[in-house]
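Multiple structures are listed underneath, in C-alpha cells.
The two complexes that follow have chain A in common; it is paired with chain B in the first and with chain C in the second.
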Partner chain A sequence: MTLLPLVHDGLLVGAILFALGLVGILARRNLIVMFLCAELMLQGIAVSLVAWSRQHGDWGGQMLVIFVLTVAACEAAIALVIVLQAFARTGRLDAAAWQSLRESNLPRVIDHGLPAPDTVAPRFPRLTPAGVLPEQDEDEVLHREHV
Partner chain B sequence: MSLATTFPPPGLLLAGAVAAAAASLWLLLPGNALGGDRRIRSIGAALGVAALAGLALSGRRLGGLGEEGVFLVVSGVAIVSAAATIVSRSPVYAAIWFALALAGVAGVLLVLGAQFLGVATIVVYAGAILVMFLFVLMLAQPAGLAPYDRVSNEPLLSALAGAVLLGLLTVSIGRLSGEPPACCQVPSRTTAVAGGTTDAAPAAADPGDPFATDHVARLGAELFGRHLLAVEAAGVLLLVALVGSIAMVSRGASVEDASADGRAPA
Partner chain C sequence: MPSSVATLLVLVPLLPLAGAIATVVLGRRLGPRAHLPAVAGIAGAAAVALLLLLGLGRETGDGHGPPRPVEMTTTLWEWAGIDAASAGGTAQVTAAVTPDGAASPQRRFSIPVTLRLDPLTATLLVVITSIGLLVAVYSIGYMHDDPGYPRFFALVAAFVFSMSMLVAASNFLLVYVFWEAVGACSYLLIGFWFAKPEAARAAKKAFLVNRIGDFGLAVAVFLLWLTYGTLDFHDTFAPDGTLVTAGILGQERLGDAAGIVGGAVGTAICLLLLLAACGKSAQLPLHVWLPDAMEGPTPASALIHAATMVTAGIYLVARCAPLFVASPGALALVSVVGTTTALFAALIGTMQNDLKRVLAYSTISQLGYMFASLGTGTLLGFTAAIFHLVTHACFKALLFLGAGSVMHAMGGVIDMRRFGGLRRVMPITAATFLVGSLALAGVAPFAGFFSKDEILASLHARGWPDAHHGPHHEQGHGAGAGHAFGPAAPNGATAATVAPVFRLVAASPGQEAAPSGLDALDSPGTFRLLFWMALVTAGLTAFYTFRAVFMTFTGPTRIPEAAAGHAHESPRVMTVPLVILAVASGLVGWWLFGTHTLASFLAATPSLAAPSVASTAVPPAFHLDLALQGTLAAALGIALAAVGHLGRRSDGPQMERFLGPLGTLFANRFYVDQLYAATVVRPLQFVAHVAAGFDRSVIDGAVDAVSGLPGAVGGVVRRLQSGLLQRYALAGMMGTLIIVLALAWQLR
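After this line comes the complex of A and B, so read on.
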C-alpha cells in the first residue's frame, strides 16, 4: 500500500495530537484540563480517520468521525456533570482529591514545595478615554433615585 | 518525493524531533523539577519550535506550494495550540487554546477534503462543547490559580510516554507509506462501497475531492442510506445522555438539600 503524501501528513498530525493529549491526561491534575486533553485525543483520531477516508476514497472514515462527534458530545455532558458533583463534594477540581480510591499499596500523593504563583500580573488591554468627562450637577446627583 | 536521499536521514531527523518535543513538553509543563521560571519556559518553547520544524521536514512534500503552505499553517496552528492547551497553568486559558486547536483541526479536515466535518467540528466543539466547559469552569473555578494547577503528575515520565507513543506511531506511518516506491495513485474504490450503496448515493462519489460542490449532499445520502440504523442509535444515545445528565444533576442537588435540612435523602 502506498499512502498519498497528504494522507501521510494527515496521519502524522493526528498522531501528534493524540500524543499531546496523552501527555496532558497523564500529567495534569485539573479534572477539566484532563478532560480537554481527552477531547484533544479524539481530535487526533478524527484527523486520522478522515485521512484514511481520503486514502481509500470512500466515506467510511468520515461516517465514523460523525459518530465520534456524537459520542464526544454525550461524553462531555455526562462527564461535566460528574466533575461538577465531584467539585460540590470536595471544593476542588483536583484529581488527587480522590486519591483515597487508589490501590492500597500505593503511596499517598502529597505536594511538597509547590511552585510559587507567577508574580507578574497579567496585563489586560485598557481602553483609552474618549471625549471629555461630562460635568455633574450636584443637586441632580443628590436627588437621583437609582445610583 | 520524500527527503529520503538527503542528509540527515529521515529516521534520525524524526527521532531528534520527537526527543526535542518530549524535552520541550517536560520543560513547559507546570511544576517540573527545574522550576518554571521564564527562562526555562523560553528554552522549552525554543525546543518545541525545533521539534515542530523537524516534524515538518519529515512530512511528505505535497503537490503544489499553495496546498503545502495551507497544510503547514493549519497543522502548525493545531499542534502549537494543542501543546499550549496542555501546558497552560490557567484552565481558562487552556480552554481558549483548545478552541484555537479546534480551528486548526478544522482547517486540516478541510484540506483533507472533509468540508462538512470541518464545519461541524467548529459548530459542535467550539460552539457547544467548549462553551459548556467554560460554563463549568466559571461555576467551579476557585479564585486565583489553584495549587493543583501549578504542579503536574510526573512531568518527565509523562513526556517520555508521549514521546514513545509518538515515535511508534510515526515509525509505523513511515513503514506504511514507504513500502512500494512511487505510484501515488488513489487505489480504486473497493467493490464493497459501490455494492453497498443505495440508489441515493451515486457510485462515483469520491469524498476525496475537496472542491466537489455536492459534497454535503453525497455525505448525507451515505449517512442516511447505509448508516441509517447507526443514526437512529446515535439519536437514542444523545437522548440517554441528556436524560442521564439532568437526572444526575437534580439527584445531587436533592441529596444536598436533604442533608442540609437534616433529613435523610429520599
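After this line comes the complex of A and C, so read on.
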C-alpha cells in the first residue's frame, strides 16, 4: 500500500505543530498565548497519534486522541482560571511578572530596550461629521422587540 | 617488712593525700575552716614520720662498730608488668650487666609501687612533714583573707603527699613520676594568684626550666634500664629466698665490686642525673626560675622553694651515691657546679633590694653548698650535705616565714628600701629572723655553723688529702678543743688514707689508668679552688643576710603608706611556727652534730653503706682550724654589712655606690635571663610564630577550601533558579532534547 507518504505527511504536520507550540511556549510572554501554544503542542501530538493509528490500523491511537482532547479541555479550564487569577493579582498578562520564587541573591529580571511609553496621548484627527442620522421609530426606541 | 611498719609508712603520704582530696571536695563548704583537713592530714603524717624515725633509730643501733645497712621495703601493688615472652617477639628487655654475670635475654619489665624505709628516707620524711605542718599552720593566718583559701591548702597537702612519695619510692620510674608531681604542685603554687601576669609568667618559667631537668631524668631512667635491666632500688627475692632481681642500689649489687657500671655509660647516667638535679634544685645553668618563683605566696616559697622541693635534687644525688662514686669525673663536676652556683648566687644576692629575692638567691647558694659537699664523694660529704639540708630547711623556712610576716604587716610591700626599723613594730618576727640569719651566716652555736663546718671539712679533705690523715690530724683530734665534740676513741679505718681509696674505687672495669676528659676534674687542685670559693661564699652569705636584717629591722622606723594602720606584729598562728623554727635552728645543729646521731644514722642507708662510699669514712671530728676560718669569714661579712647598713644607713644605696659597674652586673643577675631570652626564648618564639602562620594559612586554608567547595558549586548552580517560568520550561526542554539525542545516538 502506498499509505506511507500519508503517514509521513501526518507525522510531519504533527511535528511541525508540536515544534511551533514548543517554541511558542518558550518564547512568548503573554500567558494566554503561552496557553494557546500548549494546546498547539497537544494537537500536534494528536495528529501524530492519528497518523500512527492509520499506519498500524489500530483504533487505539484514535481513541487515545479522544482522551487527549478531553484532557486538553479540562486542562484549558484550569489553566485559564490560573491565568485569570494571575491577571487579577498583578494586572498584567506577562509571565515575567512572576519572579518571587527566584533565589534570594539573584536580581530581578528587568526588561531592557523597551520603547518609552507614550507620554502624550495620541491625537486622533477630528472629522467633520457628515451624512444624515438614520430615522428612528420612537416606539421601537422605547419598546425594543429584541435585544 | 613488719606489717605495722608498712602501715605506718603508707600512712605518711596517704594522710596528706586524703587531706588534699577532702579539701578539694569540702573546701567551699567549710568556709573559714577549710584548712582543717589538710592541716590534720599533714599533722598526722608528721607524727607518723617521727615515730618511724625514732623506731628506725633504735634499729640502726648507736653508732658503735661499722654501720650495717638498714632498709625495709613494702610493695603495695605492681603498677606495670610486661612479660618478656609476650612482648611481641621483637622487644628487647635484655640487661647488659647483671650481678650473676650472664646476660639474661628474657627479663620481665616490672614497676612495683614499693615504698622503702631507710635512714635517708626517714630523715627527709620528718623534714618534709614537719616543715609542711608549720607552714600549713602559718598559712592559716597568712592566707586568711584570700579568696583561694581552700585551694591553697589542697595544694600544700598535695605537695606534701608528692614529696613524701618521692623520697619513699623505691623505683626510679616512681621517683620520676613524683618528681613531675612536685613540679606540677610548684607550678600551681607559684601561679596561685594566676590573674597576676607576673605570677603566671613565673609559674610557666619554673615549669619549663624544670622540664629541661626532667628530660635529663627521663633519659637517665632509660639508660639505667638498658644498663641494669631493672629500675628498682631494692633487691627482689622469690618466696623461697632466691634472688630474682638485683636492684640498682640494692645490697646484692652494692656488695659486688663490679656491680655498678662506670666508664662512659656510667658517667652519662650521672651527668643526666646531675642535669635533673640542677633543674629541680636551681643550680647553674637552670637556676633562673627560683628568684621569679617568689611571685607565689610566701608560705609556698618557704615550703617548696626553701625547704623541700628544691632538696629533691640533693636527695637524688645522695641516693645514687654509689653510681656517682663509680664515675669520679661526674662527681667532681657536681662539686664544681655546686660551688660555682653558690658563689654566683651569693654575689647576686648582695645587690638585691627585695627581701624575698635575697632569700631566694640565698637558697640557691646554700643548695650549691650541698652539691659541693655531695660532689666530694666521701661519706662525710654525703652526710654533711644531708645535715645541711636538715638545718637549712629549718632556718630557711624560718627566714621565709619571717619575710612573709613582714610582708603581711607592710601591706604587701617587700622592697627593703621602703621600710626600716621594724624591730620596734614586730619584735617577735625580728628576734626569730635574727636567729635564722645567725644560723644562715654560720655563727656558732646555731645550726648553720655545724653543717657549714662539715661541708668545708669535706672540701678541705679532698683538697688536702694528706693533711687529714697525718699525725697533725690525730693531734688536733685528741687535743682538748675538739675532744668535747667527738667520741672518745676512733673506731674502724683511721689508717686508711683517703687518696688511695679513691684511686681504688675510681678504677671501674672499663677505665684506663690515666684520667682524661671529665675525670681530670677529680683532682685535689680542683677541690682546693672549690674550698676557697666556698669560704668566700660563706663570708658573702653572712654579708647579704645581715645587710637584709639591718635594712629591715634597724634604723629609724619607716612604714610605707600601703601598710598605714595595720603595721603590727603578726597573729599567734603565724608567730608560733616562727618561734618553733627559731628554737629548732638554735638546737638542731648542736644536737645532731654533738651526738653524731645524724652521721652514724645516715651511714646505715644502703646507698651510703656501700663499700665504695663507706670505705671513705673518717672518724667524726671537730675541725677547729676550719671552724675558725668559717667564723672569721662570717664575722667579716657581718661587720661589712653593719658598716654599710646598720642603723641610720639602713635605707641608702651603699652597695650601688660601693660596687659601681660590678654592682650593676650583680644586680642584673649576670644578664643570664637576658642571655637565655636572646638565645633560647626568642628563636623559639620565632619558630612558634612561623608554625602559627603555617597553621593559619596552609592548614586552615586547606580546610577552609574544602569547606568552601560546596558553597562555590552551589553558587554556580543557584543561578538556574531565576523564578521565571519560561526559563524552567527551557531547562526541561533542553534536558529532554539531550536525552532524545542520546537515545538516537544509541539507536543509530
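As a convention for this text, the second predicted complex is superposed on the first by the 106 of 147 C-alpha atoms of A that agree within 3 Å, B and C clash if a C-alpha of one lies under 4 Å from a C-alpha of the other, contacts with A are read in each partner's own complex, and residues count from 1 in each chain.
As a working rule, a residue touches a chain if its C-beta (ideal position, glycine included) is under 8 Å from a C-beta of that chain, and two chains touch if they have at least 3 such contacts.
These numbers were taken from a predicted model, which means no experiment stands behind them.
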So if we stack both complexes on chain A, do chain B and chain C clash, or do they fit? fit
So in the superposed three-chain picture, is A:Val47 touching just chain B, just chain C, both, or none of them (first/second/both/neither)? first
Touch check for A:Leu133: first (chain B), second (chain C), both, or neither? neither
Is A:Leu101 in contact with chain B, with chain C, with both, or with neither (first, second, both, neither)? second
Would you mind checking which one, chain B or chain C, touches more residues on chain A? B
Tell me which partner A:Arg29 touches in the superposition: chain B (first), chain C (second), both or neither. both
Contact-wise, after the overlay, does A:Pro5 reach chain B, chain C, both or neither (first, second, both, neither)? first
By the touch definition at the top of the document, which applies to A:Cys37: first (chain B), second (chain C), both, or neither? first
For the overlay built on chain A, what is the smallest gap between any CA atom of chain B and any CA atom of chain C, in Å? 7
Mind sorting out which residues of chain A both chain B and chain C touch, each in its own complex? 22, 26-27, 29, 95-96, 109
Name, in rising order, each residue of chain B that touches chain A in their complex. 25, 29-31, 35-36, 55, 58-63, 67, 71, 75, 78-79, 82-83, 85-86, 88-89, 91, 94-95, 98, 101-102, 105, 108-109, 111-114, 116-117, 120-121, 124-125, 128-129, 132-133, 136-137, 139-142, 144-155, 157-159, 161-163, 165-166, 169-170, 173, 176-177, 179-180, 182-190, 193, 205-208, 218-219, 222-223, 226-227, 230, 234, 237-238, 240-242, 244-245, 248-249, 252, 256
Footprint of chain A on chain C - complex, ascending: 718-719, 721-726, 729-730, 733
Residue ranges of chain A in contact with chain B within the complex: 1-13, 15-24, 26-30, 32-33, 35-37, 39-40, 43, 46-47, 50-51, 53-60, 62-63, 65-67, 69-78, 80-85, 87-88, 91-96, 109, 111, 114-115, 117-118
Chain C-touching residues of chain A, taken from the complex the two chains share: 22, 25-27, 29, 34, 95-96, 98-103, 105-106, 109
